[in-house]
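Common to both upcoming complexes is chain A, partnered first by chain B, then by chain C.
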Partner chain A sequence: MGLGLLASKALKPTASRLLSSQNPRSLLFLSRTVTSTPELQKPEQAAQAQPEPTPDLPPRTPLAGARVHFPNPDDAIEVFVDGYPVKIPKGMTVLQACEVAGVDIPRFCYHSRLSIAGNCRMCLVEVEKSPKPVASCAMPALPGMKIKTDTPIAKKAREGVMEFLLMNHPLDCPICDQGGECDLQDQSMAFGSDRGRFTEMKRSVVDKNLGPLVKTVMTRCIQCTRCVRFATEVAGVQDLGMLGRGSGEEIGTYVEKLMTSELSGNVIDICPVGALTSKPFAFKARNWELKGTETIDVTDAVGSNIRIDSRGPEVMRIIPRLNEDINEEWISDKTRFCYDGLKRQRLNDPMIRGADGRFKPVSWRDALAVVAEIAHQVKPEEIVGVAGQLSDAESMMALKDFLNKLGSNNVWCEKNGMFHDADLRSGYLMNTSISDLEKADVFLLVGTQPRVEAAMVNARIRKTVRATHAKVGYIGPPADFNYDHEHLGTGPQTLKEIAEGRHSFSSALSNAKNPVIIVGAGLFNRKDKDAIFSAVEAIAKSAKAVRPDWNGLNVLLLSAGQAAALDLGLVPESENCLESAKFVYLMGADDVNLENIPKDAFVVYQGHHGDQGVYRANVVLPAAAFSEKEGTYENTEGCTQQTVPAVPTVGDARDDWKIIRALSEVAGVRLPYDTLTAIRSRIKTVAPNLLHVDEREPATFSTSLKPQSNQELSSEPFGTAIENFYMTDSITRASKIMAQCSALLLKK
Partner chain B sequence: MKRMGPRLLSEQPRPAQTPRRGPVSNPVRFFSYNSGRLGHRGREEAPNSLRSLSLSFHFVVVSRNWDWVSKMLARLAASRFLEIRQVFRQPSRSFSTALNYHLDSPDNKPDLPWEFSAANKEKVKEILSHYPSNYKQSAVIPLLDLAQQQHGGWLPVSAMNAVAKIIEVAPIRVYEVATFYSMFNRSKVGKYHLLVCGTTPCMIRGSREIEDALLKHLGVKRNEVTKDGLFSVGEMECMGCCVNAPMITVADYSNGSEGYTYNYYEDVTPKRVVEIVELLRKGEKLPPGTQNPGRIKSGPEGGNTTLLSEPKPPPCRDLDAC
Partner chain C sequence: MSFSLRSVKVPPNSASLEEARSRVFDFFREACRSIPSVIDMYNLDDVVTVSRLRSTIASEIRKNSHITDPKVIDMLLFKGTEELNNVLEHAKQRHHLIGQYVVGRQGLIQDIGTKDQGISNFLKNFYTSNYF
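Then we have the complex of A and B:
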């Protein structure tokens, strides 16, 4: 971080001056002055005495990847930061200009993704010809402005602000969970004074109950109002506010209220002090003990970029990673707090269900031998494989190859159901891409509740609606939205009306410049899905949603494995294969219709959690969870990303693809790959886009190539794809925190 | 000078007069411990006042030139002084209304029904007409004021919710405003809410005595309502009547928002405020303004002392000269 650098910069001159001081004893002796450097006591004189900075400074790099984007090259203005000229677009603030110039300005209330409050005053800088220090976060940069960030005036201003901030801040860093990653701690080291003049009692504030996720210690709050602005602007729950005035000011909800947002965990990250911390993580670990592993999230189809912080074999917490194209810097509560599910209900050993109906741990050799023997006893068309929603591309590839070698092609990924159309990628991807949703001006949501299905996509839509007042129409059962929307209807009938131009919303769609239609993947399971999709395509055609420069026809998937499964062609051959199956291979699949599996079928469950699938299984093969393996996932917009192992596997568990590879050998149909690289080159022959990590591969052909279906639309209204946001897969179902959330926040 | 202001619940109650430990309760032990360590035993008498403590401290520092000694002593003495200061310090903060959050009570719950009266609904319309329809939220303060008048001088949480509904904002935005302004009472007040100005000029002219007299007469604490529900006493900040200090304000909620008055009574004395209270209790109207019969409005007592002659015309440029 640039902060450490700045800290050393800020401290160095002070130290050298102290050493060269003529009479150090008198300095120490004179006791309780607050300013530590003599020239700080008369900053104006010192400022005059300072020589003009030399103009030929080496070019600096913008901070933290700060991007300068000129919407209009004529609007570029030049300002000078510490004598170094930078070109910035008009309308940038002084603070942003400093960031472009590579100078980190300390700040508390300013956050690039929130509105500007300007109330912490930490970002004061000196601007030439300005009588007072200027709050840089709220001051627009003007052409030719000479900004000075390192002058005695600026330093004294920061020192003073810091003294005020620390006035009422408790000295409980040793027992504070933010300790070690606290902005106030860092910045008081870098910019604060080594003593304060405050001798009164510190104030104290009553803690608020914000629910099972966010712990509050409101005495530590410095009233930066980031959480208030986050809740109002990003999360869309107007619960938090700034109450009272003056020294009695506090953040609160006034009436007892839990923060019921699917993004509430993010206030933990944006809180610059320890006022809002993670409740499940409280007193569990210090941040410097943790090993961070940059990986991705699999609890929904968004593929949020996360960092798994682990200590030894244990996942301690999950925090977001910046990815402008996918999750910006937020993650949903499910992503953040599902990690305790990784420690519960885990499958340790291969197990075989005995005659008494109880599982008995066996060795891998025995378990695989039993499975291989049964697999050879059934007819090939009676073999069915179902990949779970958390499956990675490698294991799905291995599963498909294995089943194909056994002579069956009945393999699919559970949330896709009997979805047959894996031919055209545009038919199941979010073609607009998540970040381009911001360019849309009209949204039509068909049978999807993005708030529970993909919270980060919903945050994007909300951002767009807030910024541009985009219209949102929604067809589906009554649902929770945190932005203005129009509930058009509940079922396919409304869809038909819009497609035929009889509905009032169709004019809004056809007048839109960049219309976006999002179809929920929950509709994949409907009988009339083809008719729905052709109705949607008709709407897209009349609204000109699919053009060379804009593709507004989207499918919002539900789970991490779905897109890759369809890319790899995991499509079942016959619709009723599960009902007639004799050998079912569940690779982490818990949400298939287990009751449809015939009683006499032999069920193998390979997975990491003792969830629904295990109850029906005859053999259990323990596998690694996403935090323990290297796997490729494709998110709903078609962006390929990889997980990285953060912690070792539990017990005798193995990576999914390795288990299938071993099983294939025991079964006598050896798969030709022994390494991850080898299996990836096999994937390359099927879906080469899965090898282009961190790249979004847009669909090449539009769905208009698809033959017209002559299915009839049923009148049955759309259902909800996800009943409980907090519990959607085996990890989140095993999580205690998620159970608390659904009990308290959803009242389920 | 004992202040009985309400405290934040979390603020630790501090006994005002109890000495803590060490220097105050036993200064002799404190000093001899230090002097013994410095090897100055017997050189000075054990002081028993703070003044001599500080003198001896100076002496030690001047006579010895050891850095660490002086540093240590300076720090020690400084911290001791601070502690002593703390002991004698009164709770320094008072808040006009007690809490910045809501606690449910039988008469103040979010689920209690509340709405503007029929007459006030007209006023609400009138107030809203002052603002553009897309800036309805600007009406929050006038509407809260109206609600407060209607509800006998205070705002239950359900009244704030009703206002939020009218101006179409989230309730928390209304709570923010209501907690910010001390003129909005979020707990029950009397029909006559007496506000004593406590700002410097009034305080110098004896507002503390005025408040004490009121509290004593009514037998309540600050922000407490008398048993008959008629009176409550609060403090407020400067109302700009310093020339007639000290002053009190009487907010009269006895007749709802129609008969609502908010009058200043200036130049009050402890005796006069008690009389005012008794007159109010009888329901008599008494003239607001200065209570000193010798003064007219804010003029000096006994008639003007200056500006007795015709005022001179303002100086003007001699136009003929140019």
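Then we have the complex of A and C:
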């Protein structure tokens, strides 16, 4: 600013005084302003005078951690971005080359995970020897290409594109939910003109109804077609499309139809403007008043990385975080929109059921005293503990230690049921890992519907099927798939045929290079689970799915707590302990067979929602939800991650492990840990992998060590593990948005 | 009203600890003398007795018994006089007095100290809040 003022002064005739001054800075600037640029007048002379821009520029860091992977070192080519040489593999686009060089090119339609459309023209750059500016997102980089990103031509091109885009874009930023995180807003500030020449009427477009999750204001749409490409490529539904031509072009569903995809919420994130925004979040908050907490999701066993945006004590929205190994940058609708369940049906005071059957709020002191007294009145083998599907590793460790101190070992995690093969980790984990599913060429899905059980895993399978045309075989009840698949059969009989090589699919499996077999955790509840698992192992053996360099035998778990529970050894000692129990401790467990609990049993429910478990409970102890506590979770592939508290607990609730620790002291069997660090060092002695946060710990031994089961396969067909994708746990069942989704979107 | 005018004026500093000490006793006596009128003014006779209030005042003063600096004592004395003045001027309401001098800082929880003996710090903290 100061220099600019000086320079403008210097241009006046009275500048002789300034010129004679001894200030070298002003002199330097002056000479730069006043001297004409010979390069512009005689370009060929300038090229001779200045040979090659020497690469003495400081090395720039690639944008957003962009990494260059050379599949073949011979294919590396060198291009120059603003005179700075970068080495890139053949086939990269000009835009990607600029990203590697650390230059951010403005863009609307280009998205790294979608196909290239090249229709917004915002990414125009100048390339030497090319007569016109080129759209960098669609132009492959060629060896020795000289790319210029900040020349007057490139700037003018962007300004022109910006002017055209803003021609039909409404000026409603003050009432737009995208305001503050809008690409169009940011880029018009950076690259747009400061005035417009537009005098006519703006066009308007009728809003579309895309269902209860996505709000549309179609007048704001700039036709980048990111949402159309996302729906067809990633979500695998052909619901969205481009209609009309020219200025009548608009995005819409071809017929009056809702968008029925479990990933539909992601179009909110990829929309560069405010055309597609979140319906539940509409007009609730501005993004700059939110506090972001980077945590993980617990509504399924995938453990998607999320950011919880909160304002004060309230969770306002949930958005995805990038994690290439787990969820890439997508999350399922259940993850994204379950948050309103965190505000409804919450338990906030300890309560005891009185003689009249009604709950009465009491103090923690009284509630714990009552529970401790009853726990001592029953025999140790009549005590049963069930951890819920959302339980973290710390509280499950405390629950197991507490029950063991009372003399009982009947403790398990609800979705695991009577599954008790916790000895070999490979027997219950997704051994291939989610990201390595992309290397597979044949999939065999046994009794699992990944689309509803783990939407992110399903997205990976779809990505693989789309990219490599991998074959998918499915055994189970008729289910919805968003990729080509072969329905092989409905029950264990088909499994047996494949194992014995009588089925046509077994040749596809044995010819495959990297076969993947995925067994659903819904089978854990079957009587013949051992026989099923040994049949699957036989298939894996004949298909050579388990090799030193490839492990294709997987179990797809259903809930966030399952893997950690099995790692910590939460397996029931006897099969029918629930039927003979006198004292049942439900730690957030709502999906156990509550009718199997005897009438005279004393039931303690510790949890955060007034759900099914509370109806049967005698004492209710309020606990913290995943958004309010620090807890360790292990996802289905064995990757340990931690939640971070985003909001304070409600009412008089306490963290889960603290409640059990306090109860153990009142009951006279005090647990030896007082802090989270202490309980983690206890976990370290049982399952050290749960302390290696954000790392995937693969299983060491394969299941081939397991003795062969001599159980008989029953002929009963496989069932569906999850009936309603939108409502699977106490949080999602309390959510109003999830209720709307299940009413409108589930196919009946 | 004459009372308030007299007592809120800032007295000269105490020259020695002895003088400060005698001023504290003067203040205590003055406060004790005003107790009956306070009870009358705020209708406190059904919740508290004269002797209970007197011992509350004494314990409030004893809370600062470790202070030996005459300047600090003068300051505390001034604050005490101001407080007494506010009470006598009816600048407070009945629940203020009940909250501050009848129920006291412990609040309505009367059973602390009897049941909590022999329990760990963890459990004590657990009963008060989730965050410790």
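Couple of notes before you dig in:
The definition used in the following text is that the second predicted complex is superposed on the first by the 691 of 748 C-alpha atoms of A that agree within 3 Å, B and C clash if a C-alpha of one lies under 4 Å from a C-alpha of the other, contacts with A are read in each partner's own complex, and residues count from 1 in each chain.
The criterion applied here is as follows: contacts are C-beta pairs under 8 Å (C-beta built on N, C-alpha and C of every residue); 3 or more make two chains touch, one makes a residue touch a chain.
Computed from a predicted model, the values in this text were never measured in an experiment.
In the superposition on chain A, A:D392 makes contact with neither chain B nor chain C. For chain A, the partner that touches more of its residues is B, with chain B and chain C as the two candidates.
In the superposition on chain A, A:K658 makes contact with chain C only, not with chain B. In the superposition on chain A, A:A624 contacts chain C only, with no contact to chain B. Of the two partner chains placed by the overlay, only chain B lies in contact with A:M201; chain C stays clear of it.
Within the superposed three-chain model, A:E159 lies out of touch with both chain B and chain C [touch as defined at top]. Once the two complexes are laid over each other on the shared chain, residue contacts for A:D590 go to neither chain B nor chain C. Contact with neither chain B nor chain C is seen for A:D340 once the two complexes are overlaid on the shared chain. Every residue of chain B that touches chain A in the complex is listed here, in rising order: 8-12, 14, 67, 70-71, 74, 78, 82, 85-86, 89, 92-93, 95, 100-102, 104, 110, 157, 169-173, 175-176, 179-182. Remark: chain A residues 25, 28-29, 31-32, 199-201, 203-206, 208, 219, 238-245, 247-250, 252-256 touch chain B in the complex. By the touch rule above, chain A contacts chain C in their complex via residues 363-365, 624, 648-649, 653-655, 658, 661-662, 665-666, 670, 674.
Residues of chain C that touch chain A in their complex: 115, 119-123, 126-127, 130-131.
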